[in-house]
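Input: one structure, supplied below.
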Amino acid sequence: MTLLEFASGPGLQWALWIFVFGITWRVVGAVFLLSRKDISKPRHTNTISAGLGAVWSRSSPARAFEKKIRFQHVTGYAWHFALFISVLFFAPHILFFESVLGFSWPHLPNTIILITAIVATAVLIALLIRRATHPVQRFISNADDYISIFVVLVPLVTGILAFTHFGARYETLLAVHLLSVEVMLIWFPFGKLMHMIMTIPARFQAGTAFGRRGVKA
Amino acid sequence: MRKDQNLGEYLRMQGVSRRGFLKFCSATASLMALPPSAVSQVAEALATARRPSVIWMSFQECTGCTESLTRSHAPTLESLIFDAISLDYHHTLQAAAGHGAEAAREAAMEENKGEYILVVDGSIPNGNNGYSTIAGISNHDMLIEAAENCFAIVAVGTCAAFGGLPNADPNPTGAVSVSEIIKDKPIINVSGCPPIPVVITGVLAHFLTFGTIPELDALGRPVAFFGQNIHDRCYRRPFYERGQFAETFDDEGARKGWCLYKLGCKGPTTYNACATLKWNQGTSFPIQSGHGCIGCSEPRFWDKGGFYDPISAGQWGSRDALLGAAAAGAALGVGSALAARARKKKAQAAEEI
Amino acid sequence: MNTEAMSLQDFRGKLREMSVDTPGRDLTDEDRVRRAKKAFAQKLNGHRAVDMDTCLQCGMCAEACHFYEATQDERYAPVYKFRPLRRFYRREMSPMRWFYRAFTRDITVADLKEWQHLVYDACTGCGRCDMICPMGIKISAAIRVMRHGLAGAGFVPSEMRIIRDEQRDKNTLFGVGAEQLRALVERLGAQGINVPLDREQADVMLLTTAIEVLLFPDAFAATAKILNKAGANWTIRSDAFEAANVGIITGDDPTMILAIKRIVEKASAIGAKTVLMPESGHAYQTLRWEGANEMGEPLSFDVISIPEFVAAEIKAGRLNLKTQTNGASVTYHDPCRLSRKGGVTQQPRDVLTAMGLEVRETASNRRENYCCGGGCGEFVLKSAADLRQKAFEIKKHEIDETGADAVVTGCSNCRVNLMIGADNSGWRTPVTSLVETVAANLAD
């Protein structure tokens, strides 16, 4: 079995099992702790829409805060946008997703993907540097913060290398790329990459809690 | 051709002009990635080369490799070179049969001890020796005997090089490659199903020219021919970059000659000279004719997923397995939450001021 | 009005006299950690779990915190203030506790000591960080659990402990009890302001706070005048008038529940349909949003704040206000527990505008308003004096930027803190209360 065969076969399967297992474990385990039902008289009763509203509105900071967090605001958008374009609209990636999902969607030219991937990598490196140097971020950071950046950064770099056939033979680069993605999938449920899933319930519960008090979350 | 005649004399005798010969030499030199200044050296070496003795053994094979070499529609310099070697034993091509043929083989081995080149096509059944025998001798034993005093082995075709089709899952004959049996001789793998003819003769020309083993890659293949992958040399590469793909074999993209990546082309992971040398005297190669590369020069190409599955497709496993993982995760989650809630209840019950 | 208020200086003297080292509980280190964990476990629910599991450690919350902004001390990043709770959650309550335990340090007494400063001195629970968090994490709720844990472990700061014990054991605060209230009511009666004390039946039960009785009796008098003017059927009970709740401030549940219970039982007993909260942010928050949950059943009455009440009375036509024509401008300071934690932001502005006042907004307003710097009981802590003053400077700066003639607020705690800050820095902008402004503009 070659490295590539391992990476696209058993390696991928195990990574996916751990990924799915870990996510359900953590989400169910946290949500199932349950909270007491709030029986105070609500100011507004339509808490569902308030919750959904918060899922949307927390994507951009309130006016009073925007100036202070502009760097993170802009880089945050640049990072996620560039990442999602690179992951979701690269033709080989779409074929990868199609092999499990059974459906596909239009792709973008590789040149654009190369640009977004380089942007994503550059922004992530900038964020890494910020985390290592900004007084607050450096102070509050733990291993998870760095591991989570690392396990996302490596697939990006190996992806770009594989795409450009640079540094080693293509099948080796592709295998390493896949393996790095698998490492990311395995780490995902255990670290803060989980925010990809948790953001929705967290924002939603904030929206409902504020909403019933008549406050826009 | 007499045995003491050198190659130059022989070619002249066959009516090959000096100009034609030099043309071949420069082509060979460029194939072997030698600088232009080396052409005269190649020409001189080839013109004065003695005919080496070659013993060609065919084991579990389909004769495709031999066909590739001999079925050119017109005689070529490559085939002439091939004629020029002293092919002392070849199942398919030799006139002799039976004990006579085996005697010729043994005589050639004895006469050219330590100097002859052993060419093998076909894989060797290592499970049960009875699967393939010649004159009552198993392939395995014959290979070991022939290899003992050879100068080098050329494993022609993917079967000899890597096990090939006979080795495909479930491999009923226990087929293995030459290199899995012979460990103490230089082996040059000229893989492909079949290999490009000029690559076979190119390797022989290298022997004739330098008397040495060419530079090999990690899989024992001559770097001069297997150093680059099809994708990097493919004339359809610009369509890949632009994201223009044929989605089916009969769509607009296919007619326009767009990239075949989505149709399972294995060009990016296949190392061979198809995209540059092409086939049938440089006429075409599979991608040019509209079909993706199937990666025939790579080990176990038959078992690496479907020929029409894109390279980037992964084997995700069954949906049930993923659902099972989710169910197990949910169960663990509920369990851990229940335990944590029990702890919380206990903490709330314990009223100590 | 002259209602014989205690001077600010006298009140500050009273605060200064409070001991900083009253003997606390005598507990071993192991006991303290165990009790802190127990308290954490009591309060950890699905909401907090999702919050803990979602935090990105982006550090944006620091940018919302006045204490971080004023000091640039990274320990004051709100995310750091609940770090021990997160550690406890990860090690002992989270779904992946078996995994995290290997990488997460256990909490120690040294941690608890350190965090006493971070969550009592350096956090007013104002929740401004809750508004900036891109994940919607209720950071202030987590820090409240931290106070709960520290209270359980016996790490409530000395001054807070004194007033908590006073409220729990004597039902007084700063020495203000039934007697002092009665005396105030008498003084007001002498001035012709009728306060229906201790009626057995009333629709509206008014509460007040010790701070009001001591420092801002004018605000109490103003509330009485407004209620009388609006023709409300109201009372205030000398046995259950204290709206402030030191239990919730310190993180001490039994005291919190006791204080809530005193009010709820009395209000039910007299058949009140409405409990009217005085100008006190945390008191409103406590009864309005925690009351029913702590009592375990819905309240039999509505809890409304003064701004809500006044705005509703104006709207209903029961209260008429004079309209100022002198072009006076004010800025409204949103008490955190009324605005972002209570949803009362528009009403006070409506009331001020109804009086013809120009309301000039500070750069940060409503749900993003800066804290006065001394909420959540912090104004009693001597160890936090410097921090408070630095945070106040931010508030002061924003108010100065508006160029308004005065600051109006709806919380006596904010008011006293702004006044102390002004006193320290020689700031001249008047700080007044909404209810007093309304009372001064009652039309005949």
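All chains are identified by letter, namely A, B and C, in their written order; residue positions are counted from 1 within each chain.
Heads up, the rule we're going with is that contacts are C-beta pairs under 8 Å (C-beta built on N, C-alpha and C of every residue); 3 or more make two chains touch, one makes a residue touch a chain.
The model shown is predicted, which means the values in this text are computed figures rather than measured ones.
Trainee: Among the chains, which has its CA centre at the largest distance from chain B's?
Mentor: That would be chain C.
Trainee: Just to be sure I understand: the centre of a chain is the mean of its C-alpha atoms, right? Then which chain's centre is nearest the mean of all of them?
Mentor: A
Trainee: Quick one: chain A and chain B, Cα centre-to-centre, how many Å?
Mentor: Taking the mean C-alpha position of each chain, the two centres sit 42 Å apart.
Trainee: Between chain B and chain C, what distance separates the C-alpha centroids? Give it in angstrom.
Mentor: Result: the chain centres lie 80 Å from each other.
Trainee: Chain A to chain C: how many Å between their CA centres?
Mentor: 38
Trainee: If a residue has to touch 2 or more other chains to count, which residues of chain B qualify?
Mentor: 332-333, 336-337, 340, 344
Trainee: Two-or-more-chain contact residues of chain C, please, as numbers and ranges.
Mentor: 44-45, 93-96 - these are the residues of chain C that touch more than one other chain.
Trainee: Could you list which residues of chain A touch at least two other chains?
Mentor: If we look for residues of chain A contacting two or more partner chains, we find 22, 25-26, 28-34.
Trainee: So in the complex, the part of chain C that touches chain A is made up of which residues?
Mentor: 44-47, 49-60, 62-64, 68, 72, 74-75, 77, 79-80, 83, 93-96, 99, 103, 130-138, 288-293, 297-299, 302-303, 339-345, 363-365, 367-368
Trainee: Would you tell me which residues of chain C are touching chain B in their complex?
Mentor: 35, 38-39, 41-42, 44-45, 92-97, 254
Trainee: Considering the complex alone, what residue numbers of chain B touch chain A?
Mentor: 229, 231-232, 240-243, 245, 261-262, 268-269, 271, 299-300, 304-305, 309-317, 321-322, 325-330, 332-334, 336-338, 340-341, 344
Trainee: Can you list the chain A residues touching chain C in their complex?
Mentor: Counting only chain A, the residues touching chain C are 22, 25-26, 28-36, 38-41, 43-44, 54, 58-59, 61-65, 68-69, 72, 76, 134-145, 189-190, 192, 194-195, 198-199, 201-207, 209-210, 213-217.
Trainee: Help me check something: in the complex, which residues belonging to chain A touch chain B?
Mentor: 2, 4-5, 8-9, 12-13, 16-18, 20-34, 91-93, 95-96, 98-100, 107-111, 165, 169-171, 174, 178
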